[in-house]
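In what comes next, chain A is part of two complexes: it sits with chain B in the first one and with chain C in the second one.
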Partner chain A sequence: MDQRSSNLLEEAIGLDNHHRHQAEDAAAAAEWPLSLKVVLIEDSVETSGSFVLHHLIKRALSPQSSNVIIFLAFSQPFSHYDRLLRKLGCNLAAQRDSGRFFFFDMLQLQSPGRNEGKTSDGGFCELYRRIQKTIASLPEKYKKQVTVMIDDVSLMEVAAFGSSQHVLDFLRYCHTLTSEFGCSFVALNHEDIYSSMESPTFLLELEYLADVLIKAEPLATGLAADVHGQLTVLNRGICNPTGSFVSKIRNFHFRVKENTVDYFYPGSRT
Partner chain B sequence: MAETICRSLRDGGLEGEHAPALTIKDTLASPFGLHVFTHVLSQLSSSILAGKSQSRGVVVVSFSRSPSFYADLLRRRGADVSSPNKWIRILDCYTDPLGWKEQQLKEAGNFADVSGEASPSSGLARVCSNVRDLDKLYSLILELGIGLVGQGKVRFSVAIDSANELLRHASMSAVAGLLTNLRSHDQISSIFWLMHSDLHDVKVTSALEYMSSMVASVEPLSVAANGLKGDTENLSLLEQNFGKGKFLARLKRRNGRSEEFRIEQSGITFTSVSSQEGIINQGLVPKVQFNLELSEKERIERAKVILPFEHQGNGKPIEIYDGRRSLAENKSGETSALVGNSQRTENSGEGEIIYFRDSDDEMPDSDEDPDDDLDI
Partner chain C sequence: MAASKTRTSSFSRNLSSVSSPQTPPGVKCGPNGTFFVSSGIPDLDKILGGGFPLGSLVMVMEDAEAPHHMLLLRNFMSQGLVHNQPLLYASASKDPRGFLGTLPGPSSTKDDKSRNHDVSEQEKGLRIAWQYKKYFSDNQQIDGSRDGKQEFCNDFDLRKPLERHFFSGQRVDCVSIKESSNLNALHNRFSSFLAQFPRNEGSISCAGRIAIQSLCSPQCEFSNKDWDMLSFIRFLKSMLRSANAVAVITFPPSLLSSSFCKRWQHMSDILLSVRAIPDEDKELGQLLTGYQDMVGFLNVHKVSRINTQVPVILEATTFSIKLHRRRFLVLECLNQAPIDGSSGSSYGTSASCSGSSKTSAIDF
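This part shows the complex of A and B:
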């Protein structure tokens, strides 16, 4: 039951292809379905979408895949993610030691923008180079399987002293990593921060960048005890250069539990 | 309409005239501008390759996608993009727009060509590492184009895949200057650019539209009544606008028409709208609470109504009630009229106007001017 329902999210993102390929041939199994893609998770205060991020971490570091994660943490320290992922059955500290999880603690380090004298690019140029160096130093078998994750973009803007242009420059450069190395890119952002703006340019720019957009929202009908919110997944798959055009749209409800998250279609719960 | 646009880009500009320019714009509600852009690009490339167009080559200025994306795309559509080709060059403003990578390489003491590393087909693409300098960008575009077709009278086309990025790095006036310079250059046959119109103010969008001779806008089939953005709450609306939309084209010389398009495996297909009037009306009439449309039944019934003066001259003697007939006469007429009325309502929707004078005091309705004693 759990296995199947959690596939509702994976199926929507396109992660379930993985299993099928695995059965077909081993070479395709090694391929990370999200590679070359930009995944944007949008959430709000009432409904946090960070569990999607955690799920993706767990999925990328699972024994079947050979993925490497570069994690830019602006919001939480390492211990937080370590505790959370341990509950999901994934040992982050061990993964870090084995060189599959690179944690860039942007809280502890001087935030990029605080570097005096580097104001022309907000320090993001330096950060980008660190990422690039990390990827370049990876062993060959991991090089094509990198996921860059950002938690979260709105705090990145804070670190850049509100200069969304610098953040956009940085994200554009991260986007070039996808075509250069075949990386995937996952970012979490908060939608409601921009809700008062008439035209939230920054949010729109991000949405244009995204191939997969995951929105976590509260239920339209109000609070419910056994449903914590709904997820809408827009899988555009537009810029897939291999020519395969996969696009789908999914909407389902979820309930965050102690160790797992239940995903189910509206009304399918008794 | 998509055909017409591609044709006029293919035909290019006349001597002493600005090159035809096309703005392709979309919004997040229907973000398929890139599909239209690639469609136009591949149509243009195939006519260049067939030698049917005025231009002999195309320079793609890529901001939002990597050069290999365009190379793959055109290869898939059957065009030859191997490096010694003589018809396409890509100015790569995607890989290193701000020179971060170049700087890094310089610091490492490695002066190797960046473009060779960035794209597999290095002869095809050339990296621009400072997009803020639009003069440099202009001369690079010309250099690449003239490198393709040579000096002289032969022309080439220019395609810019994101005017937004240009506008993000440079001021509106600088971008407008660049585009105008490109349009008025002797050797440029046509130019088109893509723009996400919701990322900018209306004045910026309209400034770019003024500079173009054609505007193609990609719009959602149905618009959310409340919000600026597509509201996720309204899932059915999202689904409706997913993978298809409305394609509106406006050409400077005549009014545009609209087409629908559908994104498919092989790319984008355009179908002309079957009932054009209906679609346009839907777009123009503001959303109101009451119904302005007529149903088919209502339409038939409306056609049956005979207007007060319409029935005259159908053989019967013309009678205009002038109010002079006496009350007694009217009374007998009234009863028969009532009987007739009840019969008529049964079989048809005919209407009639019955008017009785309240009393003889009321002035008769005549040609006589009641105020003829007034001396004006």
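This part shows the complex of A and C:
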């Protein structure tokens, strides 16, 4: 029971289908269900959604899968993720050394918008080229299983001095990677920044790109010690037996702990 | 910190905290490999679970009409000076150094622990409390891991100015952000200040403090360049992450557009806001005990989450700011006044509580 309830998120994203392959050969089991997909995580000041990102890192680097992560960190240094993921049971430093986790420290990245004369977006072009090069240099068995992760997109906008067009261009380029190499793409963004805007083009564009949209929101009744918030997962790319695509919305509560996150349906906790 | 240690088990945290208890005065070990410095207000330290973690960015949202954020800022600065930690203070005033003269000094140890929340308590009661003083300090010693003489957190007497010798040294740097038209100069100033406190494996030699008052105030020429300010904050945060320092920024949220205000809030590790209370709000006065001693409210919106993913859920997020004996800053949970026995009034008051827009912002 506990095992199942902790997998509500994976079920909603579509990560849980590896049990189907259990009988089949190892290669099929290792297939990454998120490949070719864009996952967007949205959160707010009150409720951070970064734990979803951490979960996906852990999941992608788990021994069963043979995924490679390219992580663009705009908000936290490596030591933060390392410490955090170690508590979740994933040794990032070791994964980095073994070439499955590529950490791009973007804390100091400053796009050249600072010197007003230039309009070119050198910082992001450079970054994109680095990502491409990294993927190209991967051994063949990893090439099809790359996840690009961004933490977080709103800080990219700051790095670009507010020219969200540059950021969008970059994200679209990254999106093309999904078709070119079969990558998956995971990004974290803060929704409440855009909630007061009349036409939040940037957010809408992002949401348009996303195949899976995960929203972390505080409870309407305020934060509680045993329920930290609620997740709404919109999964657009579910293929039903008749062959058409349907989207599915799941809604559940979560409680974040050091080494795991509990997911449960509203009211199923006493 | 632990990045270079490749293969360590999950037990490493305990090991490192055991092997590196030699923190300088005013710094103590916290959970998840963090180190705390004190905010200068003992109650705030307690609320935040130990203090401000090194490497964090603290933001205080000001009340546009009241200077309550200055109380937090002054205590934070004084605490650093008392611990002989280098300080960089930036404000939009012409002579930021003059502000140092208004800092509160630590109260003499005689008054120190006699602090009792009930003002009307008799002298006798106080003396009894004094006899327990040694036990109190014992307790603090355990959780504070301080070296006998210097306390992790002092009580500051708001009516006693800080002695000159604390800030006459060269360890205090004052910058006026009014003069600089762009943030590049500030950029360099801050990075050279923070370069003094590189973070290296385990040991901490010294901790620095940065206090910025009203970063987006209209006196600064850059105050209309929203993206410049944001990227400055982002730069500051990334510098802090690799330094043993804490920065406190106060800003008036009403001067920012709401989406930028959210961006600023997302930048912060610890987010507080202060609010004055209206002079004669009878309704509120009836509702809360000790209303006459309150000077304002403090809201805790965000508690730092460095090296962990678990959010800290506080029992209460609104605290009343009180000046105890007009000297000491005290934060207390709000206490709902007992409703007097006259029949029917209980429903009446509770209805007025939920009905009025003023009190609905307060959670009990």
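Basically, the second predicted complex is superposed on the first by the 244 of 270 C-alpha atoms of A that agree within 3 Å, B and C clash if a C-alpha of one lies under 4 Å from a C-alpha of the other, contacts with A are read in each partner's own complex, and residues count from 1 in each chain.
Assume contacts are C-beta pairs under 8 Å (C-beta built on N, C-alpha and C of every residue); 3 or more make two chains touch, one makes a residue touch a chain.
The structure presented is a predicted model; accordingly, all values stated were derived computationally and were not measured.
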{"item": "Clash or fit, chain B versus chain C on superposed chain A", "value": "fit"}
{"item": "Contacts of A:Ser50 with chain B and chain C, given as first, second, both or neither", "value": "second"}
{"item": "Which superposed partner A:Val256 touches (first chain B, second chain C, both, neither)", "value": "second"}
{"item": "Which of chain B and chain C A:Leu107 touches, first, second, both or neither", "value": "second"}
{"item": "Partner chain in contact with A:Arg83 - chain B first, chain C second, else both or neither", "value": "second"}
{"item": "Contacts of A:Asp97 with chain B and chain C, given as first, second, both or neither", "value": "second"}
{"item": "Touched partner set for A:Ser154, first chain B, second chain C, both or neither", "value": "second"}
{"item": "Included angle at chain A between vectors to chain C and chain B, based on C-alpha centres and rounded to the nearest 10 degrees", "value": "110"}
{"item": "Touching partner for A:His190 - first (chain B), second (chain C), both, neither", "value": "second"}
{"item": "Chain A residues touched - chain C or chain B, whichever exceeds", "value": "C"}
{"item": "Overlay on chain A, chain C to chain B nearest C-alpha distance, Å", "value": "16"}
{"item": "Intersection of the chain A residues that touch chain B with those that touch chain C", "value": "none"}
{"item": "Parts of chain A lying in touch with chain C, wherever the complex brings them together", "value": "45-48, 50-51, 54, 76-80, 82-84, 86-87, 91, 93-94, 97, 107-108, 110, 114, 154-155, 158-159, 161-162, 190, 192-197, 222-225, 228, 256-258"}
{"item": "Complex contact set, residues of chain B against chain A", "value": "28, 31, 34-35, 65-66, 68-69, 72-73, 76, 94-98, 100-101, 103-104, 118, 164-165, 168, 196, 198-200, 228, 232-233, 235, 238-239, 242-243, 263-265"}
{"item": "Partner chain A, residues of chain C touching it in the complex", "value": "1-7, 10, 32-33, 226-228, 230-231, 234-235, 237-238, 241-242, 257-259, 262-263, 265-266, 271, 301-302, 305-311, 313, 363"}
{"item": "Chain B-facing residues of chain A, complex", "value": "121, 125, 128-129, 132, 165, 168-169, 172-173, 176, 179-180, 198-199, 201, 204-205, 207-208, 215, 217, 220, 232, 234, 236, 238-239, 241-243, 245, 247, 249, 251"}
